[in-house]
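Multiple structures are listed underneath, in structure tokens.
Shared between the two complexes below is subunit A, which pairs with subunit B and subunit C, respectively.
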Partner chain A sequence: MEKINWKKKFNRKNVFKNIFVYCMLLYPLAQFLVFYVYMNFENIMMAFKGMMPDGSTYWNGLENFKIVLTGVDSELIRIAFANNLWMFFLTTIVGMPLNILFGYYLFKKKFGSTAIRIVYMLPSMVSGVVMNLLFMKFVELGLPTMFKQYFGVQLPNLIRNNDTAFGVQVFYTLWLGFSSSLIIYSNAMFAIDEGIIEAGKIDGTNNLTELIFIVVPLIFPTLTTYMVTGVSSIFTLSGSLFLFYGLNDVPHSTYMLGFYLFRIAMVGDLTAYPQGSAMSIIITLVTVPITLFTRWGLNRIDPMRDTHADIS
Partner chain B sequence: MKQSKRLIALLLATLSVGSMAACGQENQTEDKRPSIYLSLFNGGYGRVWLDQIVNDYNAAHPENEYKITVRASKDEFNTIYNQLTAGTAVYDMAFTNAYAYKMIDANLLEDISSVWDSKPEGSDKTIRQMMIDSENYAEAYKGDNGGLYALPWYESVRSFVYDHELFLQYGLLFGQDGNLITDPAQPLSVGKDGVAGTYDDGHPETEAQWELMSTMATNMLGYAFNYSGKFSGYLNEIFLMIHAQYDSVDKFMLNYTFDGTYDFGDGNGETEITLENGYRVTEMKGKKVALEFMDKYLACKDTTLGITNKYTYPNASTLSYSHTDAQSDFIVFTARNKTEKIGMLVEGDWWENESKMVFKDLAEIGYTDYDFRKHDYRFMTLPRFNNQKEEGNVYVVPDNSYLVLKKQTNATKRDICKDFMTYALQPKYVQNFTVEAGGVMPYDVELTTEQKAKLSPFTKNFLELYRDRENNKFINIQQLQNRSMTQRGGLAVSTSNGEHYIVINGLYYYSAADYLSKWTNYYAKDDYKNWNTNKAAYLDYLSKKGLTHGEN
Partner chain C sequence: MRKSGKVKQAQTIFIIIGLIFLIHGLSLILPFVWMILTSFKSRLDFQDSFLGLPSVWKWENYTQIFSLLRIEVIKNGSFYTYNVFDMMANSLTMALTRPFFGLLSVVLCSYVVAKYDFAIRKLLFNINIFVMVIPIVGSLSTTLTVYKNLGIYNNLWPYIIFPGGPFGFNFLLLYGAFKAIPNTYSEAIFIDGGGHLTVFLRIILPMMLPTLSALYVLSFIGAWNDYSSSLIYLPSVPTLAYGLYIFQYDSAKYGASLPEVLAGFTICSIPSVALYCGFQKIITKSLAIGGLKE
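Up next, the complex of A and B:
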């Protein structure tokens, strides 16, 4: 057994070095303890308490869960639950292949790829509120005028119409998320070793087979990360409901769980906070197994799993 | 290179001077004292009136350890409340409106009873004695311990604004024979107040006259009405005004008290309204009348329904149409468009001040009769509805701002803030709020003749209307929210039908009848489940406060 040289370990230089390291670690550690451990602990505890308008609390058992599941808002919550699933499915499952295709287009540096890159980054550069206003003006005023002028069709206000309002939310989310996804996917593709692509070409790959058999497997960790983070936030998605409709009159048909929780916080009715906490716990209980299963499943089907480390 | 650096330095210096000037406070650079921040929602009334008070106070009290600094923002109640709750508010005092009781209940505010009973300079009365409706305000802003936690600031009115000159020119006002005038010089009818030369001359007095005026306005101008689709909550007050006017203010209060009687016209005579059957207030006849009025004249409909509203400017149906868009169209579209104009705008009394730049820009390009505060805009009074119970007009005060002081640990700051609050309510500042911003404060302070002469035609008209308590009744909705336990406990159902809080948004999808039936069914469904849930929560709220229903 090696003998520890205590004298050397605690020499002046090491002590100062350690103090410095511990001091540097203290702040993030304290932050983690307060804003993660304590906050989540309080959140969990709050789900079982009632809260008075002055912020004082009392034990309330499972009453908050009962209110969430069967109370006045239960119908709205059910609509929101379904909408969140749809939003995830349409923006991630349907959106992802589109993003990969466009990313691949940029990767191949085809005609206009630089211009496309800039155009698609624009929404991310302009303030969200301004972008939202421009989009709304276009959909509410521009689009109906265009349709009437060119096709002679009277288009409804797609943002207000109950049949199309949620679709607009999905489209807007897809559109806004497009730029960041595009950059991430194309950057992941740019990291692929040029030699592998060349080797593929020698073996006779065309663009489609190159994408399917070389590019996608090699960027699979990025896809897995996207999918796992997407699944974990599946029930906290809120679209852009607040920007579109404000706090008080979001059409019920477009409600989403993230907005429901956001509204509780924004209205600031302390007595409703515990129901928000109960709701979060229910969401967590549903999301955790789905997320773990997704991660396990994606790791299993990773075509390069021998070379990729598990996404942990 | 050197030259361009100098240019950049000069530009930066100009910018920094400009931004300091924009702060609106004099001597900020010389005054090195630390600040006590005062949060202000910088909306329609602007900030000039407050800057003057703050500048005067800072200059008058050089001995204070702190100076007062205005923190102007667009922070509304929810933001202020959340910041106070989270402890992240950088300000010590705040002007806001709506649910004061939430801040009082959450113990976030300082008791300012002493300010209520202090005498501001220039007044021989205390603030409480100066205050109009002080008993109700005390009820609204009191805590469980009897302390008072807010000072009322302004009261506003929202209704139909019209261009009097335009209406005269197009013959859209009524003459003394009850018909629309045919000549602008023709004498106007005396209006519902029965007095010539007042704020309601030439206004429609009956539903038939309102319809005639609206139809003619549509035919001659193109559009009779306009409002902001983005802030369509503005129209909730129109609904409440008609409801109260039709059913009477006393009966309207059933929405808040759930204690009294009402004749539903079902042959059973006066039915007693209690907590048990409180959901029946949704069946009050005034609600139906109000919904039908709004459905007919104001509601824009989903195009898939195939219903077109000929009276309203189409952009009002869009959610991106802001209040400033609506104001701008009302002024500029009307001024510049030769063939189409907009007759009326649903707005609050602050709208003229808020549109200052629009007026100035118009004047600059040659429309000098549209210069700021020059044009004769007025509030249009609602007609007398068939079988209405109230004698005169009813107005709803939609925004009732107040000033609060955050709970303090620093006694020096607390004392300065309280001293400032008393200082700010000097009669000259109350007067200046009307002169400068065009608004009114609930304090018994008269304007001088000189000050009255400075008012715009619109503010003069509004002031006249606001002071006429014989023919007009005012329902202060936000004050009611604060003093009514049923509102605090989440029971009241004055506009929300469970799906739509904003009435006009509901009417986008439903007819008045369907909307009403949806409203009634919301409470009645599943054996009154929703009503009973709300009632249980309300009773729980009361019991935790040690109160019973009907006791404040």
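Up next, the complex of A and C:
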């Protein structure tokens, strides 16, 4: 058996280093323990409790889970569940290839790319309240005025109409969300060694082959991170429902799970809090296997997985 | 011949993408142009023409908003009225300090994980991946309960000092940036008799200044524009963004019209847009996220 050299292990240099390291970690780790570990522990406990209007709690077994799955809101939850899946599919699965293609345009520094990079960050720089109000005024006032003026057609209120309200949500998310992910993807492309691109050109690559065989494999870790974190938040997406409708006027057809949880907390009915916790646990149990499977799958198809794995 | 055909095809694709960019880019800019133009209209002018230029430029909208925008909140059991300047002060306090503590937490943790070999180093990196990948969803209702129990709810300074844990995208971003700094600089300081803190404060932090300032400016802008903190956690500490959020719903109650509301929004947007213009190059270049592997 190998002997541990205690003298070496506890020399002055090591002790100072360790003191420094653990002092540095004190503030961040204390926060992690309270706001992640303790918070989630409390959440799990709350899911099995009932809460009285005065905030006192009692053991409630699996009752909260039963209420979430079969109670009066179960139909609404089903709609919200489907909406979250649609929102994820349309904004992430459909949006990602478009983002890569458009990011490549910026990477190749084609016409207007500097201006595009500046303009595209603009929506992230102003309050969501501002963007939302501008969008709503345009859809509710501007669009009908234009349609009536130019086509003589009376347009319904797309935001309040049950059939179109969710479509408006998806459009709004795509319209604004496209910008920030585009900047991240193009920045990942700019980090690619120019030598690799040049070597590809000598080998006769054109734009399409360069994008598919050089750029995408090299930015694959960024794509994986985006996809995995996107999948992990599928069922907590809430759209911009609160900004569009407030707490009480949301059309049922647009409900999303994130908003459902938000609403439980904001309405302030303490007796409903444990159902929010139960629901969040159900969401976690459904999402964990999907997320792990996605990560496993993406690691398997990583075109440069040997190179990327070598880093560790 | 075949090659030139492919080149033409690629050029066509780029032209189409360019056109889509143009349309989308315009759709992002035009609402701001409309906001600024409308903020100079009179009430009647706005009713007559929704999209056109103001017939008379009504600068008073910008002065009136300062007297119109007032928010009433319950503070320590009694009603308290906040005016624009009070709300601006709250926004400024939040925007200056909370990003600092948020960033401090991430910097301290990601630096030691990237640069030091110690017992729980690997564990901490894996916790970050775990936090990002495994979605343990603590519901908002529990967060509110815990905040109330810890005395953070409706209490500005504890809310600022404890912005949450160090893990997430920023950890990954800073971990990569710290890792990329060669160890030769710190070794030189150690040879000169300097300690770990000297290395961190005099070598690492100055080298990281562009990345850190980009993250700070981004967080500042996020905090300045944040209405949800006041809405959810600090109902007695209204920020300007929250004030405007309430004001747009109750504008009629305050005797304000949409042009005046938009004047308020324009004022609120000026600091963040100005900051972004100043730091635009650093911000857009610093936003790069790597993979989930160490």
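The rule is short, and it goes like this: the second predicted complex is superposed on the first by the 284 of 312 C-alpha atoms of A that agree within 3 Å, B and C clash if a C-alpha of one lies under 4 Å from a C-alpha of the other, contacts with A are read in each partner's own complex, and residues count from 1 in each chain.
Note that in this section a residue touches a chain if its C-beta (ideal position, glycine included) is under 8 Å from a C-beta of that chain, and two chains touch if they have at least 3 such contacts.
Here the structure is a predicted model, which is why all the values come from computation and not from measurement.
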Fit or clash - subunit C, subunit B, common subunit A: clash
Which of subunit B and subunit C A:137 touches, first, second, both or neither: both
Contacts of A:195 with subunit B and subunit C, given as first, second, both or neither: neither
Partner chain(s) touched by A:29 [first = subunit B, second = subunit C, both, neither]: second
Touched partner set for A:266, first subunit B, second subunit C, both or neither: both
Touched partner set for A:179, first subunit B, second subunit C, both or neither: second
Subunit B versus subunit C as contact partner of A:289, first or second or both or neither: neither
Superposed model, subunit A: greater residue contact from subunit B or subunit C: C
Touched partner set for A:152, first subunit B, second subunit C, both or neither: neither
Partner chain(s) touched by A:123 [first = subunit B, second = subunit C, both, neither]: second
Partner chain in contact with A:232 - subunit B first, subunit C second, else both or neither: second
Single subunit B stretch clashing with subunit C - from 39-47, 129-137, 165-173 or 525-533: 39-47
Those residues of subunit A which subunit B touches in one complex and subunit C touches in the other: 55, 133, 137, 141, 246, 265-266
Complex contacts: residues of subunit C adjacent to subunit A: 3, 6-7, 10, 13-14, 17-18, 20-22, 24-25, 27-29, 31-32, 34-35, 50-51, 104-106, 108-109, 111-112, 116, 118, 124, 127, 131-146, 150, 162-167, 169, 172, 195-197, 200, 221, 224-227, 231-232, 241, 244-245, 248-249, 258, 261-262, 265, 268-269, 272-273, 275-276, 280, 283-285, 287-294
Contact set on subunit A toward subunit C in their complex: 16-18, 20-22, 24-25, 27-29, 31-32, 34-36, 38-40, 42-43, 46, 55, 101-102, 105, 108, 110-112, 115-131, 133-135, 137-138, 141-142, 145-146, 175, 178-179, 183-184, 187-188, 190-191, 206-208, 220-222, 224-226, 228-229, 232-233, 235-236, 246, 261-262, 264-266, 272-273, 276-277, 279-281, 283-284, 287-288, 291-292, 295, 308-309, 311-312
Residues of subunit B touching subunit A in the complex: 78, 81-82, 85, 101-102, 105-107, 230, 232-233, 302-304, 315, 317-321, 498-502, 505, 508-509, 529-530, 533-534, 541, 544
Subunit A residues within the subunit B interface of the complex: 52-55, 71-72, 133, 136-137, 140-141, 154-157, 159-163, 244-249, 252, 265-271
